[in-house]
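Got some structures for you, see below.
Across the two complexes that follow, chain A remains constant while its partner is chain B and subsequently chain C.
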Partner chain A sequence: MSGQDVVQAILNGLCMGGTYILVGLGLTLILGVMNILQFAHGEIYMLGAFTVYFLCVLKGLNLYLAVFVSMITTGVVGLIIERVLLRPLKGAFLSYVCATTGLSLILQTLVLLAFTKGTKQLPSLWKGSFELGGVYISRERVIAITMALLLTLALVIFLRRTKYGLAMTASAQNREGALMQGINPYVMSAMVMAIGSGLAAVGGALGGSIFNLDPYMGGLAFMKGITLIVIGGLGSILGAVVGGLILGIAESLLALFFGSQMGIIIPLVLVIAFLIFRPRGLFGHE
Partner chain B sequence: MLLEIRNLRVRYKGAEVLKGISCEVEEGSIVTFLGANGAGKTTTLRAISGLVAPEAGEIWFDNKRIDGLPPQKIVQMGIRHVLEGRALFPYMSVLDNLKLGAFLQKDRSRIDQTLKDIFAHFPVLKERQGQQARTLSGGEQQMLTIARALMGHPRLLLLDEPSLGLSPMMVRQIGKIVRDIHERGVTVLLVEQNARLALGVAEKCYVFETGSIVASGTTAELVESDLVRKAYLGL
Partner chain C sequence: MSRSGRTWSKALSGTVFLAVVLALPWILRPLKSSAYWTHILILIAIMILATSSMRAIFRTGELSLGTAGFMLLGGYCSALLSAKVGISPWLAMLLGAIFTAAIAALVAYPFFRVKGVYFVICTLLLGFIFLYLAGYLDKLTGGWQGFQFYHISPVLKIGSLTIAFTTKTNIEYYYLAVVVVGICLFILHRMEHSRVGLVWKSIREADQLAQSVGVNLMAHKIFIFVVACFFTGVAGGLYAFHVHALSPTSTPANVFHFFTSVYCLLYMVIGGVESFYGPLIGATLFMLLREWARPLSEYWPLVMGGILILVVFFMPKGLAAFREYIPEWSSKLRRLLRQRPTGTTQP
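Take a look at the complex of A and B:
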C-alpha cells in the first residue's frame, strides 16, 4: 500500500460522498419540514436510477437529458406521495413510519415486476479517467461530485434567497411560528417532497453509473443518508454536505485498510457513537 | 363587533379546557384576558387563530365565521397571533424573520415601506437586522415577534404573554408598544399574567377561571371589584 493508494481512496470516497449528499439532503429537509422520516427515500433514489435506465438504455435518450427528466418525474412522484399518502395521515408519526415503510416495499416490487432480470448498468457519464501524479480518478466520479455540489449550491440559494425557500427554512425551524405568518404547511410539504425526491433521483443516476442497478439498491442508500444526517447534524445543509463527504472518505479508507466489509460496518458504529455522545451531530442545532 | 366568540368549547386530551365561553372585541379597542395558568386564556387565542379545533361554539371575525378554517386563511383575513414563547425562527436573521411576517403581502413597495416604519419604531431591530434571532435578548426577541406580526398589517393582534420573563423596565416598554400599536388603529387582544400591565393598557377585560369567564367589564369597573383586587392586584 502506498501513499498514492491512500490519495486514490480519499478521492474515490469524496466522489461517492456526492451521491450520499444528494440522498441525505432530501431526507434531512423532509424530516425538518414535515417531521417525517421518509423510509421510502432510498426507493425514490432507486426509482430515479431506473427511470434513467429506462429512458437512456431502453429508449435511447441522451444520458444527461435522461438524468434531467428523471429528476423532474421523480420530483412529481414525490408530490404525488405527499398528496395521496402522507397528507391524509395528518401528522401521526407512527402512521408515517408504517406508510413509508410499506411504500418502500411497494416501490421495490413494482420495479422488480416492471423490468426484466439481469445486470443493469447505466452508461458512463464520462468515459476514462484523469491522471494526477500517478493517481487515477475516473471522470464519471468527478462528474458525480461536481453535480452533487452544484445542486447543493442551487438548493442553498433557493433556501436563503427566495420567498418560498425562506418559508421552507422557517417551517423547519418553528412550525407554529411559520403557520402564524400565513405559510400554508401543505404547500411546504409538497415542495419539500418534490425537491427532496428530485435530488435523490439524481443521486440514484450518479450511483447507478458507478454501480449496477437493482430494485433493492435503495436500502443501502437510505442507510447512508441516515448516517450522514446523524454525523452532520439534523436540519443542517452544511452538515449534510460535510457528513456525506466524511462518510464517503471514511468508507473508502476503511475499505482500503480493513477490507470492504469494515467500510460498511464502521460508519454504522460511528452513527451509534454519535447518537450517544453527540446527538446533534457536527453542525446540528440544539 | 370585530371579533365575537359564542359559547366556545374546547376539549384537550379528554378534559374540557373551555366550557362554553362567550366574549367580544370591538374594533379599535384593547381587550385583555386575566386569569390563572390553565384557565383557558391561551386556548381561546389558539382557537381564534385556528391552531386548536373547537368542539362546539362559533367564532366570528368581521361578520365571517372563522372556526374550522386553517390558520393560513385566518392570517389572511387579518388576524395575527403572537404566540407564547415567541416562536421566532431562531437560526434566521432578524431581517428574514421580518420578511416572513410579510409572507402573504404581495405589494413589494408596501412591504419595504412597512419595514422602514418598523425599523423607525424599533431601532434596535434595525441595528441587529443581520444577527440570528436567537442571539437577541429576551426583550428584543419579544419586540421582533411583535414587529414580525405587524409586517402583515393585522386588523386584530392577539398577544400571548408578551411580558413573560422580561425585566420590569422591558415590561414597561412592552406596555408602551401595545399602546403604540393601538394608536395605529390595530385592535389588540392581550393575554397577560402581569395584571398591572394588562389593566393599565386595556379598556375591557374578561376574567377566566378554569375554562369559564367569571367576570367581565371595563377595566375601570373591574379594578374596583373585590375579585380582581384580591386575586390579581394583591390589594
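Take a look at the complex of A and C:
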C-alpha cells in the first residue's frame, strides 16, 4: 500500500462526504426545529434519487434540470408530510417514531412497486476523471462535493442573512421564546421539512450517480446522516459539514486498511461513544 | 359484576385461551400444510416474546430498537456453542441468553446516560453493529454465507421416553416454544404487576419526581434492560434451533435485520403499549394477516406502514383497548351527523 493509495482514499472519502452532508443537514435541521428524528429521511433521499432517474433516464430531461426539479418536488413532498402527518401529532415521542417509520415503509414499497426491478444508475454528472500526480479523482465526485458545499453555503446565508432564516434559528434555539416574538413554530417546521427534504433529494441524486439505485438505499444514507450529525454536534451546520467530511474520509481510510466491513462498523461504534461521552459532538453547544 | 365473578370469568377465559393454544397443532393437523402453519405459530410465539421484551423496556419510557441485534446475539451464541463446542442445546440456549444479557449489562450504563431519541439511536446502531460484526467475524460465524447446523436439535429424555424437537412436523418444537415463551411472559407479567413495575411506571411518567422520592433511576433502567435483553436472547435461541440457518445478510427478509425491530415496534404499538396483552394481540394478528396476504407480500410493508400511521392517529392506545374507542367514535359520529348544513353556526 503506497502513499498514493492513501491520498486517493482521502480524496474519494472527501467527495463521498458531500452526499452525506446533504442528508445530515436536513436531519440536523429537523431535529433542531421540530425536535424529532425523521426516520423517513433516508427514504426522502431515495425518493429524490428516483425522481431524477424517472425524469432523466425515463423521460429524457436534462440531468441538471432533473436534479433541480427533483429538489423542488421532494421539498414539496416534505412540506406535505409535515402538514398532513407530523403537525396533527402534537403528541408523545413514540407516535412520531411510529409515524415516520410507517412513512418510510410506505415510501419504500411505493418506489419498489412503481419501478421495474434490475440495476438502475443515474448517468454521470460529468464523465471522466482528473489526474493529479498519479491520483485519479472522478469528475462526478468533484461535482458532488462542490454542489454539497455550495448548497451548504446557500443554507448558511439563508439562516444568517434573511428574516425567515433568523426566525428559524430562533425557533430552534428556544421554541417558546420565538413564539412570544410572533414566530409561528408550525411555519418554521414546514419550512425546515421542505428545505431538509430538498437537500436530501440533491444528496440522493449525487449518491445515485456514484452508486446504484435501489428502494432500500435510504437506510444506509439515514445511518450515515445520524453518524455525521452526532459526530459534528446536533443542530450545528458547521458540525454537519465537518462531520460529513470526517466520516467520508474515515470510512474510506478504514476500508483501505481493515476492509469495507470495518469501514462501516467503526464509525457506528464512534457514534455511540460520542453520544455517551460527548453528546454535543465537535461543534454543538450545551 | 362482582369481584369473585370477575375472577371467575378471568380464570375461565384464561383456561380457554390456554386450551386453544395447546390444541392448535392438533386442530391444524388435518391440513396438508400443517407443518408450515405450525412453523408460523412458532415464529409468532418467538416474536411475541421479542415484542414483550421491547415493551418491558418501554415501561420505563425508553424505546430500544436493538431487538433484532440482541436476537442475533442470542441466536448465534447458542447455535455456535452447540455446533462448534458441542454443548447440549438446552444449556447452549441458556448460555446464549445469558451472554446476550451480559452484553446488554455492559452497554446499559453508558446507554442510559442519554435519553429519548438519543437512546433510540444508540440501540439502533448497536443492532447494526452486531449484524455487521456477525458478517465480519467469518472465522467464527461463517460470515456472509451464514451458519447452518441442521443435525443438531434439542432432545429431551424422561426415563425411557425420548422427545426430539425436530423440524419434521414442528409439533414438539411448538410445545417447547409455547412453554418457554409462556414462562418468560409469566415472569415479565409478575414483574410488571409488582412493586418494581409501579416504579417503572413512575420513571416513565415523571422521572425527576421519582428520583426525588428515592428511586434509583439508573439501577432500575439497567435492571429491566438486562432482563428484557435476556428474554430477547431466549427468543433468538428459540429461533436458531427452529430454523437451523442463521445469516447476517442485510436484506429485509432476514430476521436479524433492523426490520425485525421495526416490526416489533409495530406489533407493540398496534397491539397497545399500555396493555400487557398488546404484543400478543399485535404479533398474532399481524403475522397471521401476513401469511394470509402472502400473495400480496410485495405490498405488505405498505399495508403495515399505513396501518401503523392509522393506529397512531385514531387508536393511540392500540387494539387491546378497543372498547374505549367505541363511545369516543360513536360520539364523534353523532356529532358529525348532527352537524347542520353549511351556513348555520354551531353553538
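Criterion: the second predicted complex is superposed on the first by the 285 of 286 C-alpha atoms of A that agree within 3 Å, B and C clash if a C-alpha of one lies under 4 Å from a C-alpha of the other, contacts with A are read in each partner's own complex, and residues count from 1 in each chain.
Methods note: a contact is a pair of C-beta atoms (placed from the backbone, for glycine too) under 8 Å apart; a residue touches a chain by one contact, two chains touch by 3 or more.
Owing to the predicted nature of the structure, the values given are computational and were not obtained by experimental measurement.
Colleague: Once the shared chain is lined up, is A:Y216 touching chain B (first), chain C (second), both, or neither of them?
Modeller: Second partner only, chain C.
Colleague: So in the superposed three-chain picture, is A:T169 touching just chain B, just chain C, both, or none of them (first/second/both/neither)?
Modeller: first
Colleague: Go through the superposed model and pick first if A:V269 touches only chain B, second if only chain C, both, or neither.
Modeller: second
Colleague: Which partner, chain B or chain C, is in contact with more residues of chain A?
Modeller: Ranking chain B and chain C by residues of chain A touched puts C first.
Colleague: Once the structures are superposed on A, label A:T109 by its partner contacts, choosing first (chain B), second (chain C), both or neither.
Modeller: Touch status of A:T109: second partner only.
Colleague: Can A:A99 be said to touch chain B (first), chain C (second), both, or neither?
Modeller: Touch status of A:A99: second partner only.
Colleague: Under the contact rule defined above, give the chain A residues that sit at the interface with chain B and also at the interface with chain C.
Modeller: The answer is that chain A has no such residue.
Colleague: Over in the complex, which chain A residues touch chain B? Could you list them?
Modeller: 163, 166-167, 169-170, 173-174, 176-185, 285
Colleague: Using the touch definition from the top, list the residues of chain B that touch chain A in their complex.
Modeller: Of all residues in chain B, those touching chain A are 49, 51, 70-72, 75-76, 80-83, 87-92, 96, 99-101, 103-104, 148-149, 152.
Colleague: Report the residues of chain C in contact with chain A in the complex, numbered from low to high.
Modeller: Touching chain A from chain C are residues 58, 63, 110-111, 113-114, 116-118, 120-122, 125-126, 128-129, 132-133, 135-136, 252, 258, 262, 265-266, 269, 273, 298-302, 304-309, 311-313, 316.
Colleague: Would you mind writing out the residues of chain A in touch with chain C in their complex?
Modeller: Residues 31, 36-37, 85, 88-89, 91, 93-95, 97-99, 101-106, 108-110, 112-113, 216, 219, 223, 226, 230, 259, 261-262, 264-265, 268-269, 271-272, 275-277, 279.
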